[in-house]
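Look at the two complexes coming up: subunit A is in both, with subunit B in one and subunit C in the other.
This part shows the complex of A and B:
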C-alpha cells in the first residue's frame, strides 16, 4: 500500500520532469550543442580559455540583442526587417549625443537612446496595425527610413562614447570566467522580459502569435499587443545599438548585417517563424553557437568566409529538422 | 418594388461611383500606377524644367530594366506566396563568375557557366521550398548566405586571374543607340512579353496563381505543387543571373556584392506594382511600372541633390504609402 502511494506520488514528479524536459527539448539540445562546441574549441586550440570566452561574449553582444529583438516580434506573429537599421540609428544617436560630453551625461544619453528605440519600435508597430500592410513590407519600407535617418544624424562614422559604457562589457564579473558582456546581456534582457513573460501582456504576445483569431475571440487586445511586440523590438535594438557604441566607441551610420543574422539566430534558437513558439534564451545560445563556428574555423585555419556558408546551411538544416519533427509529432 | 426602381433610376449616389473607382483600382492596378508615374514626371518638369528629353527617358529606362528583371523574380515567387531574397547574391555571382571567366574561357562559356551556377542556386532553393517545405524567406536568405560565402572564397582564389567585362555585355547592358534607346531593351522586351504571356496563357503561369491563392485546393485538384515550386525557383535564379549580367554591363565592374543593395528595391518594385506578398494576386505589368517609378524617383532625388539620407527616407515612405493604399483598396471589397 505504502509502496503504491509512494510510486503514485513519485510518478507525477517524474512526469513533470519529463514534461519540462520535453517542452524545453530544443533549449536543452542547444545547451548541449554549445557545451560540445566549447569542448571542441578547447580541443582544437588548447589555449582557448577565459580570454576566448570573453571575446566570444563581446563579439556576440550586438548580435544577441538583435536576435532577441527579432525573437519578440516573431513570437507575436510578425517579422521586423528594420532591426539592423534601428541599431544603426540608435548607435549614431547615442554616439552623437555622447560626443565630447562628460561621463555623467552618458547616462542621460543612454536613457534617451533607449527611449528613441522604443519610439522607433512603436512607430513600426502602429504603422503595421493602422495600414494593415503585411509586417514584412512595412518593416522593409521603414528599414529604408531608419537607415536614412541614421545618415542624417551622422553622415560619416564618428561621434563618441562615454568611457564607462566602453568599459561595461570588458572583463569578467568576480572571476575572469564569467564575461561581463554575457552578464550584461542576461541582465538587460531579463530585466525587460522576465517580469513581462508571466503577465497578461506577455502571454498575449504568445497568444496573438499562435492564433490571432482565437486570441481576438478570447478578448486579447490584438493591436495593443502587436505594438507592444514592436516596441520591445525597438528597445532591444536600441540596446544593440548601444552595444555597438560600447564595442567601437563611435557611431556608424550604415546598418550592419544584423537583420539577417537575427533571423538566422532565432531560427536556430527554436523560435517558429509562424509565431507563438520559442523563447529568448534559446536565441542567445544560438548566437553564441553561430559565433563559435566562426572562431573554430579560424582556429582550424579554414577561410572564415566558409562560416557564412555554414551559417546558411545550419539555417536550412534546422528548419528541415524542425519540419520533420513536427511531421512525426502530428499523427500522435 | 417601386421604391427600388426609384432608387435605381436616380443618378448613382456618391458611394456607387466610389465603388466603381475601387473596382477599377482593384482590377486594373496599372491605371493608378501610370497616374502616379505621370504625376512624378510632371513633378520632375516643375522642379527641374528642361531636363525631360529623349536622353533622359533613355537613362531612366536603362536603369529600370535590370531592376525590373530582378523584380520579376520577386513577382513570380510572391505569386505563390513566397519570396526570393537570394537574388542579390545570385545576380552578383552571375556577374562575378562571368567577369572572372572571360579572360581564360571567352565570353560565351563564361556566360553559360555563370547562368548555370544561378540555375543551380535556384534549383537548391526550389528543392528546399518545394520538397522540404522550408519557409521561402528562410530558404532564400540562407541560400544568399551560402552563395555569398562561396563567392567570397572564390574571389580569393581568383584574385590573380583578373576580371574583365566583355564589350558584348557592356553594349547590351549599358549601351544606347541614337543616344536614347537603351540596348538592354532588346533583351528586356522579349523577356517581359514572355513573362506576361506565360503568366496569362500558359499552364505554368496559371499554376503559380493557383498555388499562391490556395495551395491546398491546388494540390487537391491534382497539381504537383513541388514540381511547380522547383521550376519556379530555377526560373527565378536564372532571371536573377540575367539581371546581374545587365547590371555589370552598366557598372562595368564586377564585385561579389554588386547587386545586394537592389534586393529590397526589387521587392519594393513588385509590392508597388500591386503583387500581393501573400500570393495569388498581381502581375508583371504592374511590376515594370513599379520599377520605372522607383528608377525615376532615384533619379529625381539625385538631381535634387538630396543627400543619400533623405533619399532613403523618401523611398521608404513612398513604398509604405503605396502598399497601404493598395491594402486599403483591395481589402474593403
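This part shows the complex of A and C:
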C-alpha cells in the first residue's frame, strides 16, 4: 500500500511498471512460486543443481506442449480431450516413419508428423463446428479414434527416432544452467504463437473465447477461428508427440496422462476454463511447478498413494487462492 | 506488522537450516545404501506385491538405509523423469519395472555411467549395462496356453482375454500363446479382448461375451482370473477350463470350486525383492549373472502334483489379487508377515 503511493507520486514510468505488474499478477505469482519451489527442492536435496534443472526441463517438455495445445483451444472457448491421444498417434507415426531410416529422412518425418497433427486438429475443429455437438463430446469421442489409430500404426512400443531428434533436448545452451529442452520449447511455441497473437486471427481466438455473440456481431469469423484453435492444438500436440519420441527414442501407442495434465496445467497457469483469458507462458511455468512438486514428493519419500492426493490438493489450493484474489480485485 | 513478519521469517529460516542440516547427517550416519525403485502402475495387485517385496527385502537385508520409491501411474516419458529424479536423489542402485524395453535406454545408460547399479525386474531392457531379474513372459503365455489346448484335446474355441494393448508384457505373452496355437491347429479363438489388467473391465467383457451366446470351450486369461470364474459361476455358465495366474483368489477357487478345472501359471511379484538382493550383491562386488529368468510353473488342479502345489500355495492371508509367489528362494529373506506389512527402511 505504502509502496504504491510512494511510486505513483514520483513518475509515470513506475506507474506503468505497476500496471504491467498488476496485469500480470498471476504470472508473477507463478514465477515466485517456481522460485520458491526450486529453493525448497535445493533444501530437501542439497545436491540438486544443473543436472536437476536439466531433467526438470526435459520431463516438462511433452507436458508443456500438451498444456500449450490445450490452452489455445480453451482460450478460444473450447476444450480438447483428445490431446493425449493425438500425442500418442503422432508419436507412433513419427516413430514408425523414422524406424531404420537415415538422419536426413528424420527431418521429413518431423515435418510430416507436424502436418499430421494439424490435420487431426482440423478434423476435431471441423466436427465441432459442423455438428454443433459440444466440444467436450466430440473431442472425447475422437480421442478413442486417435488412440485406436495409434494402436493400428504400432500395436506395441517400437519404431525409432533420429539421433539428432533425441539429442535436441539434451544438455544446455552456452551453459549447463540453461537447458536445451527449455530453449527448444520456448522457440517452438514462440515461433507459432508470437506472430499470431498480435494479428487479427490471434485476437479473434480471444474474442470468440470471451464472448461468442459479441465476436460474431463484430464480424469475427467464428467457425474459422474455432477450427484454427483446434488446428493449433493439433500442431502443438504433434510437437508433444515428437517430444515423446525424443525422450524415449521409440513410439508408444498407449496414450499417456497428458490430457488431464494439460487441463491441470492451464488451470494453474491462469487460463480461464470459460475462455478468453490467459496466456501460454503461465501454462509453461505451471507445468514446471507441477513437475517439481512430483520430484520433491519423490525426494521426500512420501507414500506414493498420498503423493497423488497431495498433488491434487496443491492444485485445488492454488486455484482457490487464485479465485479469491480475482474476486477481491473485482469490486475495486 | 513488520515485527511479526520478521519473526515469521526468522522462524522459517531456522526451520530451513534445521532441515538442511538434519538430512545430510542422517545419510552419513549409516554407512549403508540408498536404493531407488521405479514403477508405473498403481492399484494392480501384482505391482503392489512387487513394491512391498522391494520394501520388505530392503528392510530385511539390513544394508539399506533409505529407499526412495517412485510408484505412480505414468508413461515412458514420466518414468524417464522419475529415473532422473532417483539419479538426482543420489541413489546407489535402482530397481526398475520398465514400461518398455527400449524407451529407458538413454537414462539407464546415464545411471550406469554414473556408477549406479540398475536392475530391471519383470521385463527386460535392451540397454546392456542393466541387470535383469524377471519372469519369462513369452514362456508364461506358452505354457498356460499349451496346458489349455492339451486339456481341450487339441480341438475347440478359446476365449482369449489378454492384458493391456500395446504393452510389451502383453505382446510377449501373445507371442507365446500364438506359438502354442500353431502347435494345435484344431484350436480357434472364440473371441479376443484386452482386459487392460483391470478387474472391472474384465468383468464387463466376460459378461458381454457370455450374453453374446458365442460357443466356447475354454478361457485363457492374462491375470484377471478370479473375476472371470466368479462371472461364470454367477451366470450359471458351463465351467470350462480356465487358465489364470497364481493370484491368491484364483488359486483358492481352483482348490475349492467343485467342477472347476483350471491351471494357475506362476508369475511372482517378488521379483522386486529379488532385484534388491541382486543389486546389493553387485554393490558388494560379488560376481552376479547379468540375467536371471524365472521359468513359470503350471499348477493344474486336475493332476495330483498340481493339486499338491495348489494346496501348498493356497493362503487366505494373502490379498486375493496378489500372486502367491511372495518369496523367491535364495533371493528374498523377508517373512510373509514382513511383505504383508509392506514397510521399508525407516517406515
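In this text, the second predicted complex is superposed on the first by the 314 of 332 C-alpha atoms of A that agree within 3 Å, B and C clash if a C-alpha of one lies under 4 Å from a C-alpha of the other, contacts with A are read in each partner's own complex, and residues count from 1 in each chain.
Keep this in mind: contacts are C-beta pairs under 8 Å (C-beta built on N, C-alpha and C of every residue); 3 or more make two chains touch, one makes a residue touch a chain.
On a predicted model such as this, the values are computed, not experimentally measured, just so you know.
Q: Once the two structures are overlaid on subunit A, check if subunit B and subunit C clash or fit side by side.
A: Subunit B/subunit C on subunit A - steric clash.
Q: Is A:252 touching the first partner subunit B, the second partner subunit C, both, or neither of them?
A: second
Q: A:155 contacts which: subunit B (first), subunit C (second), both, neither?
A: Touch partners of A:155: subunit B and subunit C.
Q: What is the contact status of A:201 with respect to subunit B (first) and subunit C (second): first, second, both, or neither?
A: neither
Q: Go through the superposed model and pick first if A:263 touches only subunit B, second if only subunit C, both, or neither.
A: A:263 sits against subunit B, while subunit C stays out of touch.
Q: Does subunit B (first) or subunit C (second) touch A:210, or do both, or does neither?
A: Neither partner.
Q: Between subunit B (first) and subunit C (second), which, if any, makes contact with A:295: first, second, both or neither?
A: second
Q: Between subunit B and subunit C, whom does A:24 touch in the aligned arrangement: first, second, both, or neither?
A: After superposition on chain A, A:24 lies in contact with neither partner.
Q: On the A-aligned overlay, A:305 touches which partner chain: subunit B = first, subunit C = second, or both, or neither?
A: both
Q: Would you tell me the residues on subunit A in contact with subunit B in one complex that are also in contact with subunit C in the other?
A: In the superposed arrangement, which is not itself an observed complex, subunit A uses residues 151, 155, 305, 307-308 for both subunit B and subunit C.
Q: Which residues, counting only subunit A, touch subunit C once they are in their complex?
A: 43-48, 51-52, 55, 58-59, 62, 151, 154-158, 166, 243-244, 247-250, 252-257, 291, 294-295, 298-299, 301, 304-305, 307-308
Q: In their complex, what parts of subunit A are in touch with subunit B?
A: 79, 81, 127, 131-134, 136-138, 140-145, 147-152, 155, 260, 263-264, 267, 273, 303, 305-313, 315-316, 319-320, 323
Q: Under the stated contact criterion, what part of subunit B meets subunit A in this complex?
A: Within the complex, subunit B contacts subunit A at residues 83, 128, 132-135, 137-139, 141-146, 148-150, 152-153, 156, 264, 267-268, 271, 277-278, 307-317, 319-320, 323-324, 326-328, 331.
Q: Could you pull out which subunit C residues touch subunit A in their complex?
A: Listed in rising order, the residues of subunit C that touch subunit A are 16, 19-20, 23-24, 42, 66-78, 80-82, 84-90, 99-106, 164-168, 170-171, 346.
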